[in-house]
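Read through the structures below before going on.
Next come two complexes built around chain A: one with chain B, the other with chain C.
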Partner chain A sequence: MRLPPGVSSADFSEAVKQLQDAVGPEWVFTSDEDVDLYRDSYSPFWHEQEEPIPSAAVAPDGVEQVQAVVRIANRYKIPLWTISTGKNLGYGGSAPLLGGSVVLDLKRMNRVLEVNDKNHYALVEPGVSYFDLYRYIQDHKLKVWIDPADPGWGSLIGNAVDRGGGRTPMRDHFDAHCGMEVVLPNGEVMRTGMGALPNSKTWQQYRYGFGPYVNGMFSQSSLGVVTKMGFWLFPEPEAYLTGTVSVPKRDDLVPLVAGLAYLMNSSIVLGTTSVASPLSFLRPDAELTALRAKPGGPSTQEMEHYLQEKNLGYWSIELPFYGPAKVVTAQWEYAKEKFSGIEGVTFKEGAMHRFPVDPNDLPQFQNSVAVGIPSLSVFGVGGGRSEGHVWFSPIVPMTGEAVLEAQQVFNDAYREMGMPIGPLFFLGPASNYPRCFLVLFGFPIEHDVEKNKKNRENFKRLIKVAAEHGWGEYRTHTAFMETVMDTYSFNNHALRRFHETVKDALDPNGILSPGKCGIWPKNMRKANA
Partner chain B sequence: MASRREFLQIGVAALALPISARTGLTPAVSGPANQSVPTPLYKVIFDQRFLSSLAFAGELRRLGAPIYGIKGDITDLWFHDLDARWKREPIGIAGLTEHGPLFCLERLAWDHGMRVVYRADHTYRPDGYMEHELTGSEEMLREAVDLSSSGANWSSRMATLLTRCPANRAQASKMTVVTPTARQPEDPEHLVSWVIAPVGAARKFSRS
Partner chain C sequence: MKNASLGLFVALNLMVAVPALAAPDQDQIEKGHKVYDKWCFPCHGTGLGKPGTDALAARGQKPAVLEERTDLTGPAIKTFVRHGVLFMPMLRKTEVSDADLDAIVAYLTRNNKP
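On to the complex of A and B.
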């Protein structure tokens, strides 16, 4: 049996017995065969000793059982690593940051507690996936949309507390939550916002309650186990319309993004869109191959000319509009006016979709996630024997200048590191969050230990390069949390020191997710910092 | 060293004997592998985009097996069929797909008390050969030895084999068979055939 760090075999055996008493013997997993299912399917440490493998897993069925587990962990100073459905692939999956931790698996807690389609909210447990909530809504014929993550098998709570994003107007998942129930490190249960008021009638309606607003302390956090969470849902709209705006020149990106920022910040466009260029996905023909092979690369004018000859814009954005048919039509008309000053701009209107949609019409959606329908289609894209990826995901300003700068900086960094890079550089930039762009780089996971080591070094290098230019990661794989937190260093790491002070006060034994986001409890700080 | 994928998907200690077709394993002469009871298969999944997968489905149709076609995406299969079926009772499925659909189905199956009990990676090589890396019970590997003479009919041969996968979970062994096989024009470089089946000791997380 693997052991948690610093815990004797006798103590761990006793703790396992007590966990079995608390949740039932069949819900405590200690065999390698069971525990190995919690290893990170996309681990960047394949075949290496550093891979953090759990010692055991425990799966409670309710908040009282979570409290019992936390109290037992305190008694024996056993680190717990909380997961909801464990599908956080690319950011660590279900594996802990600290090897030997016991995984606190909440997927049995999968009850949809309430869905209200008059004031448009839901209250769920952590094991509820986007598919589960979508099914509940369909079965009960409720007129609300969820905002699924892509893919949709993950947990609403897990994704929201990790500050994941989606595509509809409710796409900022943490921002869309309203009210939490949390088991604190001492085993006490707390409700936030209006939930602190016994018999509250507005727990999922007014998010702040009274006094300091603490919910953010439980996102990307090791300060509590979230056992219930409310979410605002989007009223099923009458219609969904998309319109694509294309511009012919590289530098047109600046007015294009300025227009987009205006439309988004004015709440005219509320869904996720991303800046795209055909140079990202065009299959190179002989002409493009020759251009790219030129010493020093092709000039901007040559690339613009190449695309113009093919009747393609240099950049495009697809604007999503949700609401009454008359309104979305007017919004699209207004958007066209807004961009009409860009010379050579072209517009293409997509189909107007009406809701509720006939199930037989679903295949018409290229990406159902944009209309609130969860999907696993991202895994059907194809490819060889993929061993996964980890995401490098900095946030950059929502301006054309910033995007062009980021393109140059990351292209140069890739080149210096000897890494392959496409003609542009990434997925996105995407507007999953208000007022900024999220950029995603997938780092491949390999079978090759040396390649993975090199990739990890490159990943850390990119984190630093981004930080030097003022771009920070919004979320990261467990392997890089320390490095990312290191970059949030204003005033001699005042933020991390604050987190550590809070951590030590609330979790003196350091049992909850030690090391998460680079925040170690006092008893492990020296060894791991 | 066993890869993580093999480790996770087979989930038992492999014998770690890369058995080639020339190592003396003799093919099963006739009938199901060692007369074991085959895993009941609720659905056998194929990918409508690939010729080898279509041939696989054709053979299964001939054998009377229930088939289900996808185009890379298992969302409809999962949401409109398997989720409800597995909540009632775990039951085996099999398939010949790309890696992505298996990756999803395996993880979804874990929560219903099921595991991948047989897997074969089929890779077209640039030299006109196909490499079949099989991991499963020795009974299954014995059955698979004649892949070496199947050539372009390899996927039909796999169809037959998968319907005979024993219901009992035996210790996993490994075998590689390399055969001259021209790549079908529509096929991707790599396909995988697999069987997911209920495993007695595995916990069932789902709520019916």
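On to the complex of A and C.
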């Protein structure tokens, strides 16, 4: 049997017995065969000793069982690593950061506790996936949309507390939550916001309750186990319309993004869109290949001319509109006016989709996530031969100047690292979050130790390059959490020191997710920091 | 452990090496259909945006939709589910229990020729 760090075989055996008593013997996994299922399917440490492998897993079925598990872990000082559905592939999956941790698997807690389509909210447990909640809403014929993360088997709670994003107007998942129930490191249950008021009638309607608002302390956090969470849902809209704006010149990106920012910050466009260029997805023909092979690369004018000859814009954005058909039509008309000052701009209107969608029309969506229907289509992003990926995901300003600078900086960094010019694949810059752009670079995972080592070095290099330019990651794989936290270093790492102070006060034995986001408990700090 | 090349090699060979041995139970097939719809269809089903189906089609697997196959075997299916392959992750027992996995096998091998 594998052991947690610093725990004797006798103590661990006794702890396992107590865990079995608490949750049922069939829900404590200790055999290598069962525990291996908790390894990160997209681990950047394949075939290396460094891969953090759990010692066991325990799967409670309710908040009382979670409390019991946390108390047992405290008794024996066993580190727990909490997962909801463990499907944040690319950011660590179900594997712990610290090898030997016991995975606290909340998948069995999969109850949809309430969905209200009059005030438009839901209350769920952590094992509820986007597919689960979507199915529940369809089965009960409720007039609400969920906002799925791209992988539909993800947990609403897990994704929200990891501060994941989606595509509809409710796309900032942490921002869309309202009310939590949390098991604290000492095993006590706490409810936040209006949930702290016994018999509250507004737990999922007013976020803040009374006193300091603490919910952020439980996101990307090792301070508690979230066992229930409320989410605001989007009333099923009458229609969804997209309109694509294309501009002919490289520098047109500046007014294009300025217009986008205005529309988004004015709540005229409320959804995820991204800046795209045909240069990132065009299959190169002989002319483009020759242009790219020129010493020093092609000039901007040459690329603009190449695209104009093909009747393609240099940049485009597809604007999403959600709401009554009359309103979305007017919003698109207004957006066109807003961009009409850009010389050579062109507009293309997409199909107007009406809701509810006829089930027979579902296949028309390559990616249905933008209309609130969960999917797994995102896994096609690396191509059919992909063995997985990890995401490098910096946040950059929502300005054209920033996008052009980031493109230059990351292209230079890739060149210096000896990698192909431009990312292996990337998504965005995208408006998954208000007021900024998220850029996603997919680093491939391979079953080749040397390639993975090199990719990890390159990944860390990009984190530092981004930080030097003022861009930080919004989230990262467990392998890089320490490196990312190192970059959030204002005033001699005041933020991390604050987190450590809180961690030590709330979790003196350091049992909850040690090392998460670079925050180690006191008893492990020197060894791991 | 997920091992793309070895797992795929083993699984593809298992697909054709072991014929179905007994007629599966109808209740088990129906249960398997439900489990398949929940856990497998979103990636391996029909229609746009099904990366598992797309990946199998790109590899020349015919038919690429798993439900239409008549040459899958229990060991192959279990290898894929518990070990993963390429970008498909392994599935834990809190997601697909051993009993659920047996039902998936019954469903996906229902049309195999003895």
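The definition used in the following text is that the second predicted complex is superposed on the first by the 519 of 529 C-alpha atoms of A that agree within 3 Å, B and C clash if a C-alpha of one lies under 4 Å from a C-alpha of the other, contacts with A are read in each partner's own complex, and residues count from 1 in each chain.
By our rule, a residue touches a chain if its C-beta (ideal position, glycine included) is under 8 Å from a C-beta of that chain, and two chains touch if they have at least 3 such contacts.
Everything quoted here is computed from the prediction, not taken from an experiment.
J.: Please determine, from the superposition on chain A, whether chain B and chain C clash or fit.
T.: Once chain A is superposed (C-alpha atoms), there is a clash between chain B and chain C.
J.: Of the partners chain B and chain C, which touch A:S489 in the superposed model: first, second, both, neither?
T.: Once the two structures are laid over each other on A, A:S489 reaches no partner at all.
J.: Regarding the shared-chain residue A:S280, is it in contact with chain B (first), chain C (second), both, or neither?
T.: neither
J.: In the overlaid three-chain picture, which partner chain does A:N119 touch, first (chain B) or second (chain C), both, or neither?
T.: neither
J.: With the two complexes superposed on chain A, say which partner A:Y38 touches: chain B (first), chain C (second), both, or neither.
T.: In the superposition, A:Y38 touches chain C alone.
J.: So, does A:F365 touch the first partner chain B, the second partner chain C, both, or neither?
T.: The second partner, chain C, only.
J.: Let me test your reading of the model: by the given contact rule, A:L376 touches which partner, first (chain B), second (chain C), both or neither?
T.: So A:L376 meets both chain B and chain C here.
J.: Could you tell me which of 21-29, 39-47 or 147-155 in chain B overlaps chain C after superposing the two complexes on chain A?
T.: 39-47
J.: Show me the chain A residues, by the header's touch rule, that chain B contacts in one structure and chain C contacts in the other.
T.: In chain A, positions 27, 29, 34, 36-37, 39, 41, 59, 87, 107-108, 127, 131, 152-153, 368, 374-377, 379-380, 382, 384-387, 447 sit in both the chain B and chain C interfaces.
J.: Inside the complex, what are the residues of chain C that reach chain A?
T.: 1-5, 38, 42-43, 46-52, 54-59, 82, 84, 86-95
J.: Which residues, counting only chain B, touch chain A once they are in their complex?
T.: Interface residues on the chain B side: 1, 3-5, 7-8, 11-12, 70-75, 78-79, 83, 98-101, 103-104, 107-108, 110-111, 121, 123, 188-190, 202-203, 205, 207.
J.: Within the complex, which stretch of chain A touches chain C?
T.: 27, 29, 34, 36-39, 41-42, 57, 59, 85-87, 89, 93-94, 105, 107-108, 127, 131, 152-153, 362-368, 374-380, 382, 384-389, 447
J.: Given the complex with chain B, which residues does chain A contribute to the contact?
T.: The contact residues of chain A facing chain B are 26-27, 29, 33-34, 36-37, 39, 41, 43, 46-47, 59, 87, 107-108, 110, 127, 131, 135, 151-153, 368, 374-377, 379-387, 447.
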